[in-house]
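The structures considered in this document are given below.
Two complexes come next, and they have one chain in common, subunit A, joined by subunit B in the first and subunit C in the second.
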Partner chain A sequence: MKQVLDEVRGQLGGLIGKIWEEPGNRLCVLADKKSVVPVVRSLIEKLGMRFVFLFATDERKILGAFLIHYVFLRQAEGVFVTVKTEVRENDPVFPSVTPYVPQANWQEREIQDLFGLVAGGHPDPRRLVFHEDWPGSLHPLRKDFALPENLPRTGREYVFDRVEGDGVFEIPVGPVHAGIIEPGHFRFSSAGESILKLEIRHFYKHKGIEKLGEGKSPEDLILLAERVSGDNSLSHATACAQALESLSGLEIPPRARFIRVVLLELERLYNHVSDISGIALDVGFGFGAGQLTRIKEYLMRLNERVTGSRFLRSAVVPGGVRKDLSVSGKIFLADETKKIKKDFDEVIQIFWNVNSLVDRIRSTGVIKREVAEALAGVGPVARASGIDRDLRRDLSYAAYGNLLFMVPVFTEGDVESRMRVRIQEVHESFKLIHEALELMPEGAFRTDQKPLMPGRNALGCVESPRGECFHWIMTDGEGKITRWKIHSPSFVNWPLIEHAVLENIVPDFPLINKSMNLSYSGNDR
Partner chain B sequence: MFRILRKNIRVGRVTIPVPETGKPEEKSLGIPEIEAGKCTGCGKCAEICPVTALPLSDKSAEDRRELLLCRGACVACGLCGPACPHDAIVFKNGDAAKLKKELADSFSFKLSEAMRDPSFVIPSKRTASKNEPLSGGSPGGVGPGEVLPDDFERKLAEKIRKIFARSLHIREVDTGSCNACESEIAGLSNPVYDAERFGIHFVASPRHADMLLVTGPVSRQMELALLKTYQAVPSPKLVVACGSCAISGGVFGGSYAVLGGVDRVIPVDVYVPGCPPSPEAILKGIFLALDK
Partner chain C sequence: MTLILSVFQAVLIAGFAPAVSWFIKKMKAVSQNRVGPRFFQVYFDLIKLFRKGMVISGTASWVFHAAPYVFFGGTIAAALMLPVIWKGALCGFMGDAILFVYLLALGRFFLVLAALDTGTAFGGMGSSREMFLSSLAEPALLLSFFSIGFHTKTLSLTGMMSVLAADSPHRVIFFVSLAFGAVLILAIAESGRIPVDNPATHLELTMVHEAMVLEYSGRYLALLEWGHQIKQLLFLTLLANLFFPWGIPDTFNAVPIVLSLLLYAGKIAVAAWVIGWIEIHFAKLRLFRVPDFLAVAFVLALLSFLGQLMVGRGA
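Let's turn to the complex of A and B:
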């Protein structure tokens, strides 16, 4: 921490204002609006930090300005560095960092829609979260926002980027898709079969969850967090609980940490098995799809036996977990996972002998390492493109620091690599569950709740089955939740698909989409 | 090839006979029910309920107060159970599909009947029209704990043939759900539930569909898409609202970007409570819609 502080001060001395430490290994730096771009660039280029996400808060009541927070992670020390800059209401333009940090693209456009601030110099300042029929003067995350009784629809049309030329045509897909999946719009420009350009337009499912969370009690907030992305319920709930715990100064008991690991890995298991079965289904490999959906069903029933919910909902509470694992429960869980692992292995061994499967997935939908790095891909998608990044190992939350596991990394970046990453992670998850069950200490499984401390903020992070998931929570002067930022892995990974499909044929799109398995709900929030 | 065969033989048949309603996993959290004898009307559960599924009838006199439980809003979070100082709330299984009217009127909860917003008790347009209960089954579907009769499959197939000529084609529409409902609906096609054996198919286009299965609260930006999809379905058509969000808006009610339940936009025939409803419950909801 000290070392990072010295480095930051030494490198940026003249550019920054106040610099201070915050609980949870976080360093905060205040920078002037004009010097934000050079500060952001030198943190990345000179100090080797990784840009994670950015968001805004409305602090006009206290500071008389909006604050924009740029969050960086220094991997080696596990230290977060947050650069904060003030933006006044009468001068709502903030400098866009997108030209230097491409991954900020959507995040800055989100701030434009939700806060009514303007990203000056943004290469693509179109609407993102709100569609064209949302009145331009309404910005719901401003504190003085009031929902008018009759919200008018303004009736403008979104303009897609066009590709023109002989034989180029457009294929619109969505928002209601052919399969049982979530809504979103895809606009392909193609010549013949191959895709020249894909533009995605999402946020059909925008539900204003971040706003709904304001003023909620910790229990209710976790309930909402579980519904950010249904199949990643537990990851979101755990990230949210971590932030709430650090806001009320709670230290969760060691036993709860191990139980959380078991549950988080159970979630990863059923998600990964489901994704692999989806890939098998999309290439028409009925045996694989059928067998793996059966195994997924068994895993979900196991979830229900352990926590009472097939989606592991209501399992995590601030201060620990809701239910303890009994001795017989532990034995049952160990036995069942052993059986399911054997079952899974038998099915997967057959996979690699099926030529029609391997033909379709090899060298399909390649995401090059450079693309994944520039757009800061996360999770299995990034690990399939050669980026070695996993918060379980890098920040070792819950009890991951006490456990031994591998982080599989593949370098091809195609559908096959993404599938192989998931298969290996399934194996690691089985191992982790057994390890955690064995090393689980006796003792309490939850601590009593304490009220949230006023005027604080905290960050929770979890490596969900889809990748890094962050929850940032701020309290006001009375200890009430006044801002809740959800940074979901899908929000980061969606833009990658526009690159993954290039020069592939249109019929391979569902396969590529499935191999990335992105949540529309987590993205739209 | 032989390995596939061997594995298939080794796994054997996994499909559950007919939806085993009322017999879900024994450890499931389930849906809360209030035991009339133990409840004193203190209201501790109503205070903690995050979706106001437990409204109080009268807040002044504690001993004369009635507690209402609204299944359509309940997300089965389990917060009310431990909050009750008298252990009067038990969690039971059986998230059976009910008409919205039934959800409001004939809920098994003894203390009182459940009620919610005004729209909750307005019967949908279709409810009044043709109403022919499944012969052999109890009217309005199968209650929790009941096992479906043996000839259920045959009768269901007959019913489908009568209404839709051959089989039931369903178009699933997500209008803003968290994707848990999608996961469960997709699960209907797995070998364990295998909805295809009842002649139930999920189709790609609303123009091929007889029924819309809608999940999620209707978000503002999905309203038009839902309406257009509904219009594209040829008549006669059925609509099933799946999950607490689709019934009342669920945990997302009151947001600037959410309109509320599905029936704010299109008429609904059957409501399936749960967050998310189990695959069995969704199947039952589909069967119930055919009963009308």
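Let's turn to the complex of A and C:
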């Protein structure tokens, strides 16, 4: 921490204002609007920091300005550095960092829509969260926002990038799809079967969850967090709980940490098994898909036996977990997972013997390492493209610091690599569950809640099955939640798909999409 | 009597076709630890579709309305040329094998036009893929018929079967087994099964046959589905009766006819089992790998033909 502070001060001395520490290994730096771009660039280029996400807060009541927070992570020390800059209402332009940090693209556009600030110099300032039909003057995350009785419709339309030339066709797909999946629009420009360009238009499921969370009690906030993305309920709930705990200064008991590991890995298990099954289904290998769906069902029933919920809902509370694991429960869990693992291994063995399956997934939908790095891909998608990044190991939250596990990394970046990463992670998850059950100490499984401290903010982070998931919560002067930022892995990974499909053919798109398995709901929030 | 039996054969094919689909579905379900549909479910599904109302695009022209009838009619007409349980067919004549191929092609042609007709993104995609694949499948099928016809000195389906049935089995194997391989591959391709097309997928972007019929509903869809099932059975019947032609009577006696019916059911079950087995054990091919697969059919048919040219047709 001290070292990072010195380095930041030494490198940026003249450019930055105040610099201070915040609980949870966080360093905050105040920078002037004009110097944001050089500060961001030197943090990344000179200090080897990783840009994680950016968001805005409306603090006009206290500071008389909006604040934009740029969050960086110094992986080696596990230290977060947050650069904050003020943007006044009468001059709502903030400098866009997108030309230097491509991953900021969507995040800055989100701020434009939700706060009505303007990203100056953004290469693509179109609407993102709100569609063109939404009135341009309404920005829900501003504190003085009031929803009008009748929402006027402006009737404007989104303009897609056009590819022109002989034999180039546009294929519009969605937002209503044939399967039971969520809404999202895909616009392909193709010549024959090969894809020249894909543009995605999402945010049909924007539910304003961040806004809904304002003023909620911690218990209610967790309920909302669980509904950000249905199959990653527990990850979002845990990240949210971590932030809430640090806001009220709670230290959760060691036993709860281990139980959280068990639950988080159970979530990873059923997600990954389901994803691999989806890949098999999309290449028309019904046998494999059917068998893995059966195993997924076992896993979900196991979830229900352990927590009472197939989707592990309501299992985590601020201060620990809702239910203890009994001795018999532990034995049951260990036995069942052992059986399921054996079953899973048998099916996967068959997978690799089906040449036609391997032929479909190999070299399909390649995401090059440079692309994944530039757009800061996360989760299995990044790990399949050679990026060694896993918050479980890098920040060792819950009890991950006490457990031994591997982080599988593959370098090809194709559908096969993404499947292999998941298969290995399933193995690691089984191992982690057994380890955690064995090492689990006796004692309390939750502590009593304390009220949230006023005027604070905290960050919670979890490596969800899809990748890094952050929850940042700020309280006002009375200890009420006044801003809740959810940074979901799908929001980061969706833009990657536009690159993954290039040089592929249209009928392979569903497979590529499935191999990334991105959440529409988690993306749209 | 000839007329009655011939019409009965066509009715048999039409009535039996959904059962074959059921058989393959059930096989797949069992491989996935599922119960699968009841036997009558496939029939109920067709009846349900026949009763339902239709939603038709406002931009649809007469082609869209005509296509289901042409497709179904063409397939039934093709069925009338095929000897099923008796060595004869209503429309059997010299050269009917070529008509058989092109009656099926006529249905396909109309279906492709109909898919383009409504101007949806997926219909056009399905059409272009269907044409792309059939341009490879059609010559292979014709060549298979020519190869068998060269051996049997006739291009009539009934004639081919009679000659082959009178031949000794080892000669049949020697001369036409390569063509059998070709027709097996074509049976898979023409009935839109894995590894060429996935009949069970919900992914619009990967569909071939299904993409073409996406705009159809109700009665039209029922006709198309049924027609497609009949087409599938036609190819299985080709496999069963052309390459295993023994035990099919040419008299009007009841006993041999009933025995022949049972034999036919058995042969179709085996053929359907093979198709199902392939469907369980393989994933769908990449679209651009399908031509390779169909090329195998073409090469097999060609080899069968060339082989006979070299060693003689073995009068």
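Going forward, the second predicted complex is superposed on the first by the 525 of 525 C-alpha atoms of A that agree within 3 Å, B and C clash if a C-alpha of one lies under 4 Å from a C-alpha of the other, contacts with A are read in each partner's own complex, and residues count from 1 in each chain.
The rule we apply is simple: contacts are C-beta pairs under 8 Å (C-beta built on N, C-alpha and C of every residue); 3 or more make two chains touch, one makes a residue touch a chain.
Predicted model, so just to flag it, every value in this text is computed and none were measured.
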Touched partner set for A:Y520, first subunit B, second subunit C, both or neither: first
Touching partner for A:I171 - first (subunit B), second (subunit C), both, neither: second
Partner chain(s) touched by A:E304 [first = subunit B, second = subunit C, both, neither]: first
Subunit B versus subunit C as contact partner of A:G179, first or second or both or neither: both
Which superposed partner A:F287 touches (first subunit B, second subunit C, both, neither): both
First (subunit B), second (subunit C), both or neither touched by A:E219: first
Partner chain in contact with A:A191 - subunit B first, subunit C second, else both or neither: neither
Of subunit B and subunit C, the chain that contacts the larger number of subunit A residues: B
Contacts of A:P510 with subunit B and subunit C, given as first, second, both or neither: second
Subunit B and subunit C footprints on subunit A, overlapping residues: 178-179, 287, 290-291, 293-294
Subunit B residues within the subunit A interface of the complex: 3-4, 7-8, 10-11, 14, 24-30, 48, 50, 75-79, 171-187, 189-193, 202, 204-206, 216-217, 219-222, 225, 229, 250-252, 254-258, 275-276, 278
Parts of subunit A lying in touch with subunit B, wherever the complex brings them together: 130-131, 134, 140, 145, 147, 151, 175-176, 178-183, 203-209, 211-212, 216, 219-220, 223-224, 226-231, 233, 274, 287, 290-291, 293-294, 296-297, 300-301, 304-311, 313-314, 322, 343, 346-347, 349-350, 353, 519-521
Residue numbers on subunit C that touch subunit A, as the complex places them: 28, 31-34, 121, 124-125, 128, 194-195, 198, 200-206, 279-289
Of all residues in subunit A, those that touch subunit C in their complex: 169, 171-173, 177-179, 192-193, 280, 282-287, 289-291, 293-294, 354, 356-357, 359-360, 505-511
